[in-house]
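Quick one: the structure is below, questions incoming.
To keep things simple, chains are lettered A, B, C, D and E as they appear, and every chain counts its residues starting from 1.
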Amino acid sequence: EDLKLTIGYQTVVEPSKVPQADGLYEKALGATIDWRKFDSGADVVAAIASGAIDIGYVGSSPLAAAASRELPIETIFVVGLIGESEALVARNGSGIIKIADLAGKKVAVPFVSTTHYSLLAALKHEGVDPKTVEILNLRPPEIAAAWERGDIDAAYVWDPALGQIRTSGEIIVDSAKVAEWGAPTFDAWIVRTDFAEQNPATVTGFVKVTGDAYADFLKVPDAWSTSSEQAAKIAKLTGAKVEDVPLLLKGYVFPSLADQASDKFLGGATVQAVTATSEFLKEQGKIDAVLPDYGKYVSAKYVSEAAASN
Amino acid sequence: MPTLSLNQVTIRYDGEPRPTIGSTSLTIDTGDFVVLTGRSGCGKTSLLNVAAGFITPSSGTAGIDGRSITTPGADRAVVFQNDALFPWLSARDNVSFALRMRGMPKAERNRRADELLERVRLPKAGGKAVWELSGGMRQRVGLARALAADPDFLLMDEPLGALDALTRERMQTLLLDIWAGANVGVLMVTHGIEEALLLGTRGAVMAPDPGRIVRVIETGFGRRYVAGEPVRSIKADKDFIAGRAELADAIFDGEPA
Amino acid sequence: MSALFRPMARPDLERLAPFDTELSDHDRPDALSVPWSRPAPEPTRSKRWSARWISVATIIVVLAAWALTAALGIVSPVFLPSPAAVAARFVSVTTEGFVDSTLLEHLGVSLARVFAALIASLIVGVPVGIAIGMSTVGRGIFDPLLEFLRPIPPLAYMPLIIIWFGIGEPSKVLVIAIAMLAPIALSAAAGVKGVNRERINAARSLGATRRQVLAHVVLPSALPSILTGLRIALGAGWTTLVAAELIAATQGLGFMIQSAAQFLVTDVVIMGIFVIAGVAFVLEFAIRRIEAVLVPWAGRD
Amino acid sequence: MSALFRPMARPDLERLAPFDTELSDHDRPDALSVPWSRPAPEPTRSKRWSARWISVATIIVVLAAWALTAALGIVSPVFLPSPAAVAARFVSVTTEGFVDSTLLEHLGVSLARVFAALIASLIVGVPVGIAIGMSTVGRGIFDPLLEFLRPIPPLAYMPLIIIWFGIGEPSKVLVIAIAMLAPIALSAAAGVKGVNRERINAARSLGATRRQVLAHVVLPSALPSILTGLRIALGAGWTTLVAAELIAATQGLGFMIQSAAQFLVTDVVIMGIFVIAGVAFVLEFAIRRIEAVLVPWAGRD
Amino acid sequence: MPTLSLNQVTIRYDGEPRPTIGSTSLTIDTGDFVVLTGRSGCGKTSLLNVAAGFITPSSGTAGIDGRSITTPGADRAVVFQNDALFPWLSARDNVSFALRMRGMPKAERNRRADELLERVRLPKAGGKAVWELSGGMRQRVGLARALAADPDFLLMDEPLGALDALTRERMQTLLLDIWAGANVGVLMVTHGIEEALLLGTRGAVMAPDPGRIVRVIETGFGRRYVAGEPVRSIKADKDFIAGRAELADAIFDGEPA
C-alpha cells in the first residue's frame, strides 16, 4: 500500500537536511512524503495538533508547551542541545552591550520558541524584569526584515535570520551560555501518537535515516566542509549561506543514535528537561499548569529499535 | 351568473384596538361595475382584500354563490395600482402566467396571451420586457393578465391611480370597453370622483372609523358610453355634474370641499 | 407557516389629518400625500416575539451542545474548551491578564488604535468625499485612487506599510485607517452627490450664497450618508485590527488571540472571539444611537 | 466650478407615449406615470469626459512622481522600487515565477480557493437566507448565528480553523467561505423579505400554489439581491484570501506577497498588490455584467 | 410694482438635438396669478426654472423691470412640488431660513416665522420636525418659507401635485387667501385643469416640440372666491364648466380626452 506522510521541518542547519534533500526518507520508508516548511515551533505544534502533519521538528520550549496542554505527541528523536546556533544579537548603535541594557528596548523573538525561552531565562538570570523589555513576537524572516529597516534593537533567533542580522550587530549571549546558566534548550522530532501507533515501523525508519545522517556527520564532521555537497544541500533547504554551514553545524551538540536511547536523552534526561522547561514556562506565566509526569511524551522505543537494526 | 357577496364583514387587524371595517355588506353580480370610493384609510383596500381572499374577515362571511372565500383564486383576478407585473417575464409571459400555473402548453398559452394583448390594444408588445413599457402600457398588461385567468370577477385596487391625467382618461374608456365585452362583475377602488361616476353601474362610498359603506349611488354613465355616447358629452351632462357634487358630499361628508 | 403568506397587520400610518387642527394623535407624518408610497407592512409584535424566543432557544441549544461535547471529553480541551472554561478565562484574563496585560488593557489598546484610525480617515476622507461629490476635478483626481485602494486587502498592503513605516504604532493605525478611508470618502461623496437638487435650488432662491448652500444644505444633507460610511468604516476597521496587530504588537485583542493560539490556549482564543464580536456589536449599536440622535430625519425623507 | 451649481441637462425620459402606438422612439419606460419620481439628472457626456481625462492625468502624475522618486535614488529600491522594476517583475514572475510558481499559477490557485469558497457559501447561504426571509422559525434560528458570525474578523477565527481543520486546502477555503457566508445569506434573506407583497398576491390570485409562488415569484424577486450579496461576498472573499494564505500555503497571490515581503523583495510586493487590485476589478466588472444579463430589471422596478 | 418678463426665451439642453423651449414670452405683474398647464414634458418646469434663475435661457431674455435674471434670488421665491423642506431644521427654522441667510438676529426671525406660520394656519407647528408634519402641513410650511423672503414673485411648480384630493382642495383656497393678502405676482405650474381655472387670473397652456405657449385664457374665478363666493358655487357655474372644456381642449389639442 502507498503510505502518505507529512513532515513539518524548520530551516535549522542540522544533518538530516541531507537525506531530506537526497530523498532518502522516501526511499527508506517507501512512502510519499509531503515536506512542509515552518518558521517556528509554535506553527509546527498547531499543525500537529490539528492532524495536518505526522512528524514535526520543534524546539524544547514548544514541545513543553504542547505536552503541558496534553497534546497526543511523542518525542522520538533529540536533534541536539542548542549551543551557539541560537543567539541574542544587539544592533550596532543600539547601546546594548549586556543583557541588563535590554530594559526599555525592542527585542524580537518568535513566541513560544526556544529563543523566547532562552531570552526569558537570560533576563531572569540577570535579574531583569521581562515587563520592562518590549518583547515582540516576530517570525524569523520578519525579524530579518524588521532588522533591515531598523525597527528593532535586538533579536534572539536562529539561522538563516541570525546570519543576516549578525552582520550589523553584536552577539550579547548565546544559548550555550544560557544553558550553562541552567536553562538548556534542545530541538527534537516529535510524532503524533496515533500515527506512531498505526505506523511504528515508519517511525522507526524515520529515526533510523535521521540517525544515520547524524552518524555520518559525527564520524568526520570536517568532511562537511564549505565545498562539500552536504553543505550545499543544507544551504539550499535552509537558506543559510553555504560558507556558514560548517560553523553552524558546530552550533549544536548532536547525540549519536546510541546516546539517544541512553538515560542522557530519551531514556531519562529528556523527560526531566521537558519538565524543567514546563516549570519555567509556568513560572513565567506562559502556560497554566505543569503535568505531574511528562514520561508519556517521550519515547525511547524508536531510537532503540533503530539502533538495534544497525 | 355567479354572485360575490360580503355579508356583515368586519376586519380587525392584529394589535389594533378597534376594528378597521365594521359590519359591511356588498353584493356584486356578473355584469355589475361597482366602484368603491372614500377617503384615504377608510378601508377600501381592506374590503377588496377580503373579496380577493388575501385576508380573512374577523367576523361575517365572504362567499361566491354560498361557497365561502378562504384563499385567493383565479375566479377573482386582481389588478393592482402599481400593476404588480413580474419584471423577470416578458409582457406575454406575464399575461399567460395564470395559464402556465394551470399547466397549459406553451404554444397554446402564448396564442391566448397574444389575443388578450390585442384586446387591451397592445398587439405588438408581447415580446417586450416590462420595464420597456410605459405606465399605461404596463397597466394594460396587468389587465390582460387578470383577464387571462378568465375570472368571474375582476377586483381592481386603484388601477389607474399611478397614471398621469391623459393616460388615465384613456384607460377609463378602455376599461369600459373591456367590461362591455367580458362577462365579469367588477369591483374597483378609486379616489377619483369623476372616475367613479363615469365607470360604475353602482358607486359605493365608504366612511372611516370603523370603515363601512355609508352611501350607494346608482349610476349609469358607463352604460351610456358603452351605448355610444362620447365621454365629453357625458361629462357635460347636468346629471353628471349633480352626481359629482353628490358623491363629493358623501365622501367629504359636510367638510368644506 | 411561512411569514410571506400570512396577511400582516400594518401600522396605522395614513389617517387624514383634519385640516385646521394641529398634529392630532391620528396624524401621522407624510404618508397621506402619496397613498401608494406606503411603508411595507411590518411584522406584528407577536411575530417579532416568537422569532426572539426561537433565537433564545437556538442560542441555548448551541451552548448546551457545546457544553455537552466538551463534557463528554471526546475531544481534548485544546480543541474545544468547555463554555465554563471560556467563562473562567474571561474572569481570569480580566483580573490577572494574559500575555502581560489584562483584558481591559488589550481592549483599550485595540479601541485606541481603531479610533485613532477613524479620526485620521475622517479628517482625510470627508473632505476628499466632498471634493468628489462636488467637483468634476475632485472626482477626476480622487475617484481612481480610491477605486484602486478599495479592493486591496489590508494584509496585502501591510508588508508595504511595514517596509515604509516600520512596525510601530503608526503602522498599525495606518493599516486600519487605509481600510477605513474608502468607505468614508465614498459615502461622503455619495451623500454630497445625492443632495436633493430642489433643496439646493430652494436655498438659493431664498438668498443663500454658495458658501451658505454648502454649509446649510449640502453638509447636513450628506450627514446621514457620512454616518453610514462611518458605520461601515468602523466595521472594516475592526476587521482590520486583528491584521494590524499581527505587526509586532505587545498588546491588543488581536495580539492576545494570536499569542493564545501559539501557546495553544484555545479558551483564550474563543474568549477573544466573543469579546471581538461583542465589541463590534456594541460599536454598531452605539453608532445607530448616534445616528438616531444626530440625523433623526434619515430614512424618513 | 462645482458640479452642484450648474444646471444640468437630463435625459429625455418623460415624453408621453401616444396611446395607440406601440413603443415609439420617444417612448421611454415608466417615468410618465409619476411625474415627480424622476431619475436624478445625470452628468452630461462632456462632463463625464472631462472627469475621465482628469483621472488619466492623475494616474500619469502619480506614476511620474513615483518614477522620479525612484530614479532620484533618494530611497533605496527596497523601500521604493521603480515602476520599471515592478513592470519587469511582472514579466519575470509571469515567465519564470517566484517562490517556485509563476504568476499564473499563483493566480490560478488563489482564484480556485475563492471560487471553491464561493460555491460552498452559496450552497449553504442561499437556503439559509431563504429560510430567514420566509419563516419566523428560520429567522429565529439563523439570524443570531449569522449576526454573531458577521463581525468577526477572519484572522480571529483562523487559529480555531487551523486547530480544528489543519493547515491544508480545506482550511483555507473554509476561512474564505465563512467570510462569504453572512453577506450571501443576509442578502438572500433581504431579497426574500423584500418581495413585493402585491406580486405574491397577484400570483396567488392567478391561481399559483404556494410552491409555485416560491418558484415563480419569490426566487426571481430575490435574485437581484442574491447577486448583490454574491458581489459583496466576492469582495470579502478576495480580501480574506490573503489571510487564508497565511496558513502554510505554498502557492497563491497572498503567499507570493508575504514571501516577497519576508525577503524584502518589494517590487514583487507592489506587483502583487497591483495584480490583486486588478483581479478584484475584473471580478466586480464580471459580476456586474452577469447582473445585467441575468436580472436586467434590477433597479428599474 | 415690478414686472417679471420672459422674452422670446428658448432653451436647449446640453446634448439635446432640438430646443426644449422655442421662443416663448410671458409677462407677470404684481397681483397676477398666472397658471401654466400643459402635458407632461412640454417644458413647464423648464420655463419656470428660467424665471427662477436656475437655468439660463439659450436665447431670449428673462428679466425683472429690465434687470436681467442671472441667478436665483430672494425676490423670486420658489415653492416646489415636494416641498423641498430642510429636514434637519424645525418648521420654524425652515420658515426663517431666508432671514437667517440675510443675517437677521434669531429672536427677530423667529417672531417673523411664527407670524408666517400663523398665516398658513399652522400656529402651533413651529417646533415640530419636518417629518412630524403631514403632506399638507409640509406644503404650507414651504409656502411660509417662500413668503418669508418677502418676494415680489412666487414661483410654484406643481405645489399641490403630491397632495391627496381633499388636502389639495383645501390648499387651493388657502393659496387664494394668501395671494389676496400678499402683494405678489404668482406663476404656478399645475396638471390640474380645475385647479388652473379656479386659481388663475390667467391660464397659459403649453404644447410640446418645441415647448411654447399656445393659448392664454383670461379667467377670473379666483377673484370671485376672494370676493366671497363659495367654491362649490363657482365650480357649478356654467362659465366654469365651459372653461374646463376649453382648457382641456387646448391641452389635449384635439386628441380624444
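Note that contacts are C-beta pairs under 8 Å (C-beta built on N, C-alpha and C of every residue); 3 or more make two chains touch, one makes a residue touch a chain.
Which protein is which chain? UniProt says B, E = Taurine ABC transporter ATP binding subunit; C, D = Taurine ABC transporter membrane subunit.
The structure presented is a predicted model; accordingly, all values stated were derived computationally and were not measured.
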Report summary line: Min route length, chain touch network, subunit A to subunit E, equals 2
**Report entry** B-D against A-C, pair bridged by the larger set of C-beta contacts
**Finding:** B-D
Requested in this report: Taking each chain's centre as the mean of its C-alpha atoms, give the chain farthest from subunit B.
Outcome: A
Query raised in the report: Taking each chain's centre as the mean of its CA atoms, how far is subunit A from subunit C in angstrom?
Result: 44
Report summary line: Expressed in whole Å, how far the mean CA point of subunit B lies from that of subunit C is 46
Report task. Averaging only over C-alpha atoms, locate the centres of subunit A and subunit B and give their separation in whole Å. Result -> 84
Query raised in the report: Of all residues in subunit C, which are in touch with two or more distinct other chains?
Result: 16, 32, 35, 78-79, 162-163, 258, 261, 264
Report summary line: Within subunit E, the set of residues that touch 2 or more other chains is 39-40, 54, 82, 162, 164, 166, 170, 191
Report summary line: Going by residue number, subunit A touches two or more other chains at 43, 46, 49, 142, 145
Report task. Sort out for me which residues of subunit C touch subunit A in the complex. Result -> 76, 78-79, 100, 162-163, 166-168, 248-250, 255, 258-259, 261-265
**Report entry** Residue ranges of subunit D touching subunit C (in the complex, touch as defined)
**Finding:** 1-5, 40-41, 43, 47, 50-55, 57-59, 62, 78-79, 133-137, 139-141, 143-145, 147-148, 151-157, 159-160, 162-164, 192, 195, 197, 200, 210, 213, 218, 235, 238-243, 246, 254, 257-258, 260-261, 264, 266, 269-270, 272-273, 276-277, 280-281, 284
Requested in this report: In the complex, go through subunit C and note every residue touching subunit E.
Outcome: 16-17, 19-20, 22-23, 27-30, 32-35, 196, 198-199, 201-209, 212, 216-217, 220-221, 223, 295-297, 300-301
Report summary line: Listed in rising order, the residues of subunit A that touch subunit D in the complex are 36, 38, 43, 46-47, 49-53, 141-142, 144-145, 148
Query raised in the report: In their shared complex, at which residues does subunit E touch subunit C?
Result: 52-54, 71-74, 76-78, 80, 82, 84, 86-88, 97-98, 101-102, 121-125, 128-138, 145-146, 148-149, 155, 162-164, 166-167, 170
